[in-house]
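One chain, chain A, links the two complexes that follow: it is found with chain B in the first and with chain C in the second.
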Partner chain A sequence: MRDLVSGALSACIAKATVIATGGAGRLYRATTNAVICEGIGTVIALETGLAALSNMEAVQFHPTGLFPSGILITEGCRGDGGLLRDVDGHRFMPDYEPEKKDLAARDVVSRRMLEHIRKGNGVKSRFGEHLWLDITLLGREHIEKNLREVQEICRNFLDIDPSKDLIPVYPAAHYTMGGVRTNPTGESPGLAGLFVGGEAACWDIHGFNRLGGNSVAETIVAGMIVGESIAAFCDRPQNDLTVSMGIIRDFLAREDAKISALLTGGGDEDANLLRIRMQEIMTEKVGIFRTADKLATAVDELQALLAKSRNIGVRNKSRGANPELVAAYRTQKMIKLALCVACGALARTESRGAHYRDDFPRRDDAQWLRRTLAIWKNESDTLPTLNYEPLDVMRMELPPGSRGYGTKDDHIVHSDAPRRAAEVEATRKRLVDADRFAVQAALMPYDHLLPPDLRVRNERIDGSN
Partner chain B sequence: MNDVAPRRLTLTVFRYDPRAPERTPRMQSYEVEEADGMTLYIALNEIRERLDPSLQFDFVCRAGVCGSCAMLINGRPGLACSTLTKALGPEITLAPLPAFELIADLSVDTGKWMRAMSERLETWIHAREGGIDFARIEERMEPAVAEAIYELDRCIECGCCVAACGTALMREDFVGAVGLNKIARFRLDPRDHRSGNDYFDLIGDDDGVFGCMSLLGCHDVCPKNLPLQTQIAFMRRLMAAEGLKPSLKQGDGK
Partner chain C sequence: MKVDYTDVLVVGGGLAGLRIALAAKRRGHDTVILSLVPPKRSHSAAAQGGMQASLGNVIKGSGDNEDVHFQDTVRGSDWGADQEVVRMFVDTAPKAVRELAAWGVPWTRISKGEREVVINGKKVIISEREQADGLLNQRNFGGTSKWRTCYASAGTGHAMRSATRRSPRVFRCTSASKRSRSFMTLVAAAEPLCAISSAAPFRPASLRRP
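After this line comes the complex of A and B, so read on.
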């Protein structure tokens, strides 16, 4: 651990370690994420060489990032009736998505926006092209009452009034569905005692496309379940630690040497420039539309950047608080994570949720109903090692089916899916008179995975059993 | 868009690192060229990237919702991330918030202060004896009540109100408008079963609501435009009434 205020390095010895460091939107140039969402905790797990990252290629783009800063303009704007417009003021979403129009899923709207801009309908500005979000039609009163934050953002950052002016928007990286692979208790299957929760985890809540609102829900539920699991883990005597002081000393010395290399190693690469380049590569080639060509180039370029990042130098030589040093070692880590995203995206020759391949537009359950697992075997590696873990359709409560992407949703069906769907249907028929707990137990029991205190019969709003 | 030559801005910044006391506190000036839509977030990052990698300041959300970047902007507490340079003159002076522990330069430890305040005022929901049963459906809340709570819950703990407060600068333990606003928020919350008397114990003294001198700098600088003036006045009346009650009373005062 490095104290950002004093610069001191220290080792913490613990039975259990928790990573809850959030997502990695900052891998991209335009992101809604805070500046601390750099995925550093995720890379710390990756750098153990044991913990695997899962589905890192699944990155959600939010359609309405404020242009050019990326600050989020809530989906509520469109939920309340706001519309997307192009350079001519034309409302274009119904042309592409006649059914759901401006309210189509985040990934769909983001893609359509880019598509529309590519056809020459974007609004040109000195920072690049964008589209408009129009909430003027909602009226000042509604905006002041229900969309006050939007009004504040528009005023503070662009000095515009959204009840009169159009808001410039462009899709921005928003959510990291991938993360450190965990089992249901939040523990890494590869590294006992490493627990991960929240956006940093791939706890299987979101698949390849998170739905709005589910992420805060995940943090709360993970807090309850993973938190209890950690306490139970620490209580078990077999998890007591016997640690060699030598290992700790060596580890600290190694980390200290990395810092020294940055401060006095004579490197001449500028961390900021490398980071900006990485963000450009990710945005242009590993973004909303992906193809084999672009992804392969991205992997090459990121590999070259990684090599350069091993030669970063910093001007400020202080070992204490030193923002430049922080940017330096974080950039090294972020490029590794960017490679996990790019390699996973290149290998996955299908489209699934937020991962969209122009060259493989169909979802392919036959080949790809499996999770990507990325590990970084040796510090000197320049690429992650990818493995795959199939999902067991026969144990699913909701076997994979159409996911409401309209006529384009002609996915390649997994051979087990129809069989499992029939099985689920039969079970439901058989248990038509049973309560929901019995149905759940027959379809997909999970009680045994929960901490004992949480194995209770939850009440439902509709009073159903 | 306009094609007038961009302004040259001079940012004069307070520099001091308490961990390197041999360099006494000083003001240092940097020049940047103003760009379209430039905020102090953009300007400060540009200074750090191009001119001075040692300059310390904090930004987290850079969207005006986390409160990390509060500082004195031309002497007035405000959020640097959501201050457009075009709203300021070409000479801009930046200093760290007073009343908080200085980390270095523009960076202060509001977290430590806020945590101490929170622990003292117990700014969390105090459920009834027996706690919350997670298996039961939560009791419903009237939308009007939820909205009233939300109005006060918009506080981002940036510390501007504390930095602008005469009392907070004199009394180290004064809970500030941020603390009084929290109590007002929990008092509204039907899930919190603390009584008026319980709240009196927390803020019924000079470190609480009676320490306020009604200068109301807090109200003027709050970046979220919280109704601090009305809340403080209201809490003061309530606590005065509470203080006059016979002290034996127990139970739920709401």
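After this line comes the complex of A and C, so read on.
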């Protein structure tokens, strides 16, 4: 690791290493994410050449990012009754989604918003087009009690009062469903001792779209479950560590050389310009609506950027505190991650959840009910190597079906789906008098995967389980 | 060269990193958290709206349970999710939110009786049950069939992170470090550059193999 104040390099050797570094919204220009959310931890796992990243092409755009900054305005606004409106003040979501309306899944709402703007219903402003979020109908008292932070954000960043003003919103990159692939224990199958939890992981709870409220829940739940896995891992004597000093020295020397190359290698590329260009490419060509030609162009352009990033030079030659140096090595890593997203998106010729292809609008379970795995084999590579991990339909408790919102259901059915659906139906009929736990256990036992202390039923208000 | 040794190195001081570190430390393993920024600046604090847990406290969430949360999540994922892991998750979410309540998160709570809510653009009066009085409140969120998102106004992430960060004191752990008084060594303002791994590619390997 590198001390950001002194610049000193050191090594930390641990039995178990955990990546819990969150997502990578900053691959895009407009994002709800903080400036530090660049996916660096994810790339560090990728750069081992052993840990695979899964489903990097699954990026969630949150429907209501403040426009133009992208700062998050919570889905709770709509949960509490807020509505999306267009340039005419018309509440448009029910036209597209009669059942769920403004509360369809985020990927669906984001797409509908962009569709509606494409049709000419956007609000024009000097920063571009946007739509409105209306929470005035909730009343000042409700906002000040249950949406207090929204009021603060609107006042601090836009000087508007959401109790009486409409909030300008536009979809912004928000959550990375993809991440470092792990087992149910949270361990990387490719690199023993590497654990990942939270948004940085593809555990995989969210598949191709995450429900609001499930990510924050995931962080603590992952902490509880993966934390226990790690403790158990460290308890086992065979996981005691012996690492040669030679290996440590080699790695430190290698990282030191990389930094020297940036400081004194005579490179002339500007890291900030490369990063801005990467964000533009991602926003324009690897965004909400994707097509083969835009994605292919994006891959080419990102590869060119990657080549340039190997020739970055920084002007501030300090080895100590040096934000320009930090931006330089982080940009080099970010471009690799952007390539994982773009390559995964180009290869996936279907639409699923947040990954939407204008040229392949149907969900294709027959060919694509599988997870993308990206490995970066060699440092000198310019593209990730993609593989796929099929999902096992015959073990699903809920066989593939329709979400009930989004496009009308015309997905291409998986060959095992009807058989599994029949099996599940038969089991439910057979156990019609049993309690729901018995039915669940018959369909898909999972209890054995939980740490023993967590195998407890949850109590509810009416005394039921 | 400078080398530190520990049992568990957690990179990232947000909600997930803090909670993992806590779990490892409680089981007696030395833990170091490496964070780019001071943990109270971790992006987890920006989460606003809430966390889902199938408690079934509010009237619009009654009848909710793990089965419903499971189905909503798998559908939401467009069947991309690992269903066994989703089951583990929906089972544990209620335990997580209750643990956080015990650690002091000021979850918005239910007041029994009538209240006005806005549903589908209209004001509606709903009535919360007597036995729900004081329990965790839950709001509606996208893609869910029951109201199950527990929240602390619109500052849920901030509240959760504060409680998780403070929680070590609940367990009265002592610190071995002279530098800091926190129970686990927290190295802020440093970032990892790479992970040391030493094995041939194309097969799984561990950090231990020379």
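General observations
Note that the second predicted complex is superposed on the first by the 442 of 465 C-alpha atoms of A that agree within 3 Å, B and C clash if a C-alpha of one lies under 4 Å from a C-alpha of the other, contacts with A are read in each partner's own complex, and residues count from 1 in each chain.
In this section, a residue touches a chain if its C-beta (ideal position, glycine included) is under 8 Å from a C-beta of that chain, and two chains touch if they have at least 3 such contacts.
The model shown is predicted, which means the values in this text are computed figures rather than measured ones.
Looking at the shared chain after the overlay, A:R249 reaches chain C, while chain B stays out of its contact range. In the superposition on chain A, A:L72 contacts both chain B and chain C.
Legend: residue contacts after superposition of the two complexes on their common chain; A:K100 is shown touching chain C, with no touch to chain B. By the touch criterion stated above, A:V456 is placed in contact with chain B and with chain C alike. By the touch criterion stated above, A:S125 is placed in contact with chain B alone, chain C being left untouched.
Once the two complexes are overlaid on the shared chain, A:R436 sits against chain C while remaining clear of chain B.
Of the two partner chains placed by the overlay, neither chain B nor chain C lies in contact with A:N387.
Once the two complexes are laid over each other on the shared chain, residue contacts for A:R315 go to chain B alone; chain C is not touched.
Touched residues of chain A were counted for both chain B and chain C, and C has more of them. Touched by chain B in one complex and by chain C in the other are residues 5, 34, 36, 72, 149, 224, 454, 456, 458, 460-461 of chain A. Listing the residues of chain A that touch chain B in their complex gives 5-6, 34-36, 68-69, 71-72, 125-127, 149, 152-153, 156-159, 224, 272, 314-316, 318, 320-324, 454, 456-461.
Of all the residues in chain B, the ones that touch chain A in their complex are 1, 17, 19-20, 36-37, 39, 48-49, 53-56, 59-66, 82-84, 86-87, 103-104, 134-137. Only residues 1-12, 14-24, 26-29, 32, 34, 36-37, 42-44, 46-57, 62, 65-67, 70-89, 91-97, 99-100, 108, 117-121, 123, 129, 131-132, 135, 139-144, 147-149, 151, 153-158, 160, 164, 187, 189-199, 201, 204-208, 210 of chain C touch chain A when the two sit together in their complex.
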